[in-house]
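The two complexes that follow have chain A in common; it is paired with chain B in the first and with chain C in the second.
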Partner chain A sequence: MEIRLQGVEKVFGRGARTVRAVRALDLVIPSGEFVTLVGPSGCGKTTTLRMIAGLERPTAGRIFFGDRDVTDWEPRDRNVAMVFQNYALYPHMNVFRNLAYGLRVRRTAPEVIDRQVQDTARVLEIGSYLDRKPRELSGGQRQRVALGRAIVRNPAVFLMDEPLSNLDAKLRLTTRAELKRLHLELRTTTVYVTHDQLEAMTMSDRVAVMHDGVLQQYDGPAVLYERPVNTFVAGFIGSPPMNFLPATVERSQTGMALQVAGVTVALPDPLRRALDQRAERRQVVLGVRPEHLRFQSPQVAGVLPARVFVVEPVGAETYVDLLVNGHRVVARVDADTAVSVDDKVGLVVDLRRIHLFDGETGQAIR
Partner chain B sequence: MSAPYGRHGHAGSGGAVALTVFVPPPRRWRLSDRQVGVLFMVPFILVAAAFILWPVLEAVRLAFYSKSPFRPTMTYVGLDNFRYLFGDPVFWAALRQAVVWTLSSTILQSILGVGLALLLHQAIRGINVFRGLLLFPYMVPTVVIALIWRWMFNPEFGIINATLLRFGVIEKNIYWFSEPTWAMASVILLNVWKFTPFVVICVLARLQMIPVDLYDAARVDGASAWQRFRDITLPQLKAVLSVVVVFRTIWTFNKFEEIYLLTRGGPGTSTFNLAVYGFEQATANLKLGVAAATGVVMLALLFTGSALYLRLIGRQEE
Partner chain C sequence: MTYETRRRLRLVLLYTTLVTVTVVICFPLAWALVTSVKPNDEMLRLPPTFLPERLTADHYRALLTGRAMYFEAATGYRPKTAPPQHFLAWFFNSVVVSVGTTVISVGVSTLAAYSLTRFSFPGQRFFSYFSLMGYMVPSVIFVFPLFLLMARLGLTDRLPSLVLGYISITLPFCLWLMWAFFRGIPLEVEEAGLIDGASRLQVFWQIVLPLALPGIIATSIFSFVVSWNDYLIARIFMNSISQLPLTVGVMHFFEGVHVDWGLMMASAVLMTLPLSILFMLVQRHLIVGFGAGAVKG
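Up next is the complex of A and B:
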């Protein structure tokens, strides 16, 4: 089922307390894809999901399921299923009845209900506690029941609102993989909401990054990582996040050059061409991912002078926090790199992988 | 104020002294948590024993004696008081009326209470004013209410008849306190009016604890508004409703002042419940033993009823 949002807006409250939760959102979720809405809390991602579910009505704009305009439809008519952050299992019903409830209110025949619940229970390996109440289950088991309640009805769309955030770190990791596997098997259109960019990157076909109710970028995970459209996306996607350094662009004898931390850096061709068409001298932000920084002796010409602030080994690699001209920068280096706190080092930037953003608007220059 | 500390390590410099200050007190004065807990409960236990347990036991003892308030002596009569009760047609009428009065009041209060609570649970602007107003009947003393209601129920110039006449519900005045059925209806009405707020408060508090997520989940599952009420709200209210029903049943069954102040049990004995019956036995017939026996019967009935009801509710929970 393809989902299309056209100019969708959501405004809460009136007068001085108005909150514009979602603004002019256009989004197409292709049939069968796993699409994640990601962003910090308050960015409008959950509101968007609830509008797709029919639990909130948009203030403006239309929502389409395939060719049908479902904007004014009740949730029950949309054939969607939702997994809630706190699972929202019916506390007075046992697991079987929790799973069966959606089928029962739709007047499904009892023997069909029984078969579908048993099938779902087998897939999710929850068959052994069908007669237990939710309070008798562990967090992980509840999460599976919540998932089961969604898939048992074989809906056209899955909606998931931070379904992993209440699990402990280890369980979250395995469940993340299982969810992805489940999607590959069922191929049901899935809209997934999370604030965790890692979940978004690992599970999704496409990711919609939202901030302050506005869609920032909607692309596949690789594109988001390689070509972020602005500093917000660049800083949100990736862990540790992209480093930002203020810089100026100046015309030199050889063309446009970048001044950063008192060092002049030659620009690669595509960026130079993009900058040639613009103003003479301007403030920009240089963006470099931690893995695109290398260490050199500080005496070598053209390196950025830096001082080691702290060293964070994480096993396979090491994150080195540095101070460059008063700005914090993280470099991601091999675990055997020999540096220690307060060392003076020279930083070499992989110039083919840098990003430049407008100093005022934060938009990518390319 | 250095004296209290001086006893332990006196003088010297800070650090070393501080260590010696925290010498535990002598062992024989230490009480276990359990002993401290018992100590805290002793005042209540004494008061309860003096003013609840002892009077109840005295009343039970009195049920087996013949006693007039004007004579100091009391005579042991065995089960005579109970024989008198069970042979008295007024006792049986009072019991029947007590059941009607209790069941009607409790059922009406519960239904109205749940309805009003659902209404007040809505997120409507200004709803808090109504939530506050709701407490009004509960705060006003029963005597005041009974007096006001006597005026309202007045057949000739009461507001109730006037309103019913104006809206064409009735064609001629109802003589509320002169006809047994209307008299019973009026005391039930008063009780419902006064105690529905109690039900509303309990139910509203519980309603506000039901996670909104459950309703969202049920809507997505496809449940209609009625199905959401039946399958989520009601089961969530079950525990509080069962407690409320037991309390309201006990309190209404024992209620005395509303009936006595509004109808004095009349006309005749048609609005007697067991409490009024017992009171009349003590004050009009001067049979304190019979009055006590009535109390014992009430105690037994309520005890059995509550136990059965809670057992039933508990079984449904499984």
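Up next is the complex of A and C:
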């Protein structure tokens, strides 16, 4: 089921306390894809999900399922299933009745209910506690029941609102993989909400990055990582996040050159062409991912002078926090790199992989 | 003092306190029960007997059959109003009024509290504060205005006036109690129901009400006890002897200088029975069924 949002807006409250939760949102979620809405809290991602579910009515704009306008439909007419952050199981019903409830209110035949519940329980390995109440289950088990309640009805769309955020780190990792596998098997259109960019990147076919109710970028995970449209997306996607350094672009004898931390570096061709069409001199923001920084001796010409602030080994690699001209920068280096706190090092930037953003608007220059 | 002796001392103190409190609370009840099965000549004997020498069911028989012959046989005295024959009517009145009050106040407060927690409408805040204010004012203040109102409506000396009077006392508190209960039911559970395909009404019946059951039982007990035990309102609203509830009715056993302690105590025991049975039936539900486990935490 393809989902289309056209100019969707949501405003909460009235007068001085008005909150514009979602602004002029256009989004197409192709049939069968796993799409994630990601952003910091308050960015409008959950509100968007709830509007797709029918739990909130958009203030403006239309929502389509396929070619049918469902904007004014009740949740129960939309044939969607939702997994809530806190699971929202029915506490007075046992697991079987929790799973069966949606089928029962749709007047499914008892033997069909029984078969579908058993099938779902088998897939999710919850068959052994079908007669337990939710309060007798662990967090992970509850999470599975919530998931089971969604898939048992075989809905047209899955909606998931941070379903992993109440699990401990280890369980979150395994469940994440299982969810992805489940989607590959069922191929049901899925809209997933999270504030965790890693979940978004690892699970999704496409990711919609939202900020302050505005859609920033909607692309595949690789594109988001390689070609972020602005400093917000660049800083949000990736861990550790992209480093930003204020810089100036100036015309020199050899063409456009970049001045950063008192050092002049030549620009690679595509960026130079993009800059050539613009003003003589401008403030920009240089964006470099931590893995695109290398250490050199500080005496080598053209390197950025830096001082080691703190060293964070994480096992397979090491994150080195540095100070460059008063700005904090993180480099991601091999675990066996020999650096210690307060060392003076030279930083080499992989110039083919840098990003430039406009100093005022934060938009990518390319 | 060793740890062990201190622990024992604490236990002894604890149990002494518990036993004392239990005895103090239960003695009047036990005394009523014992007195109700003593024959009249043993009842006021000095020194008193705690356990009756001879058991009799005369008092209960008089109350339940309405026949007062034994009065004359035992005392040679025949009271003018012969109250025992009204006992069953009083009992019936009390049941009708209490059940009526309970059903209406629980029904209304449940619906009102649900709408207060789940919907927003103009005047919502004012309404909830206002009803809470009604709960703060002592009920005595309402009695005479209510009486005048009932008189104007032509309801005085009729059971509906009592039901209305009791509701005016119970409703604010019931509303407040149900409100607290509904606020404890997570909204997501209802939304899950809506998405699962239930209508709002189905969600209310099949999900919200079962979860609110402990609250409904608590409010029911509260309204039942208030209306069953009330004396003040019934004393003022009711006149005819056949229309009285138990609390006011049994006062007729004080007949001038003659107090029929046997009937009084038997009535007291019979009055306590319905409440005791009610408590025994529902006390299990008061603790099970809470919404634990639906939501994390």
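Keep in mind that, in the parts below, the second predicted complex is superposed on the first by the 366 of 366 C-alpha atoms of A that agree within 3 Å, B and C clash if a C-alpha of one lies under 4 Å from a C-alpha of the other, contacts with A are read in each partner's own complex, and residues count from 1 in each chain.
Methods note: a contact is a pair of C-beta atoms (placed from the backbone, for glycine too) under 8 Å apart; a residue touches a chain by one contact, two chains touch by 3 or more.
Not measured: the values here are computed from a predicted model.
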Point to revise | Overlay on chain A: chain C relative to chain B, clash or fit | key: clash
Check your understanding: Of the two partner chains, chain B (first) and chain C (second), which one does A:92 touch, if any: first, second, both, or neither?
Key -> both
Exercise for review: Mind working out whether A:166 is in touch with chain B, chain C, both or neither, as first, second, both or neither?
Suggested key: second
Review point. Does the superposition put A:53 against chain B (first), chain C (second), both, or neither?
Key: both
Practice item. Compare chain B and chain C by how many residues of chain A each one touches, and report the one with more. Key: C
Practice item. Have a look at where A:111 lands relative to chain B and chain C in the superposition and call it first, second, both or neither. Key: neither
Practice item. With the two complexes superposed on chain A, say which partner A:80 touches: chain B (first), chain C (second), both, or neither. Key: both
Check your understanding: If you stack the two complexes on chain A, which partner ends up touching A:142: first (chain B), second (chain C), both, or neither?
Key -> second
Point to revise | chain B and chain C contact sites that coincide on chain A, given as residue numbers | key: 53-55, 74-76, 80-82, 84, 86, 88-92, 101-102, 105-106, 149, 153
Practice item. Under the touch definition given earlier, write down the residues of chain C that touch chain A in their complex. Key: 186, 188-189, 191-199, 202, 206-207, 210-211, 289-296
Exercise for review: Can you check the complex and tell me which residues of chain B touch chain A?
Suggested key: 211, 213-214, 216-224, 227, 231-232, 235-236, 238
Revision key, fill the gap. Note: in the complex, chain A contacts chain B through residues 50, 53-55, 74-76, 80-82, 84, 86, 88-92, 101-102, 105-106, 149, 153, 159
Review point. What residues on chain A touch chain C, complex-wise?
Key: 53-55, 74-76, 80-82, 84-92, 101-102, 105-106, 133-137, 139, 142, 149, 153, 166
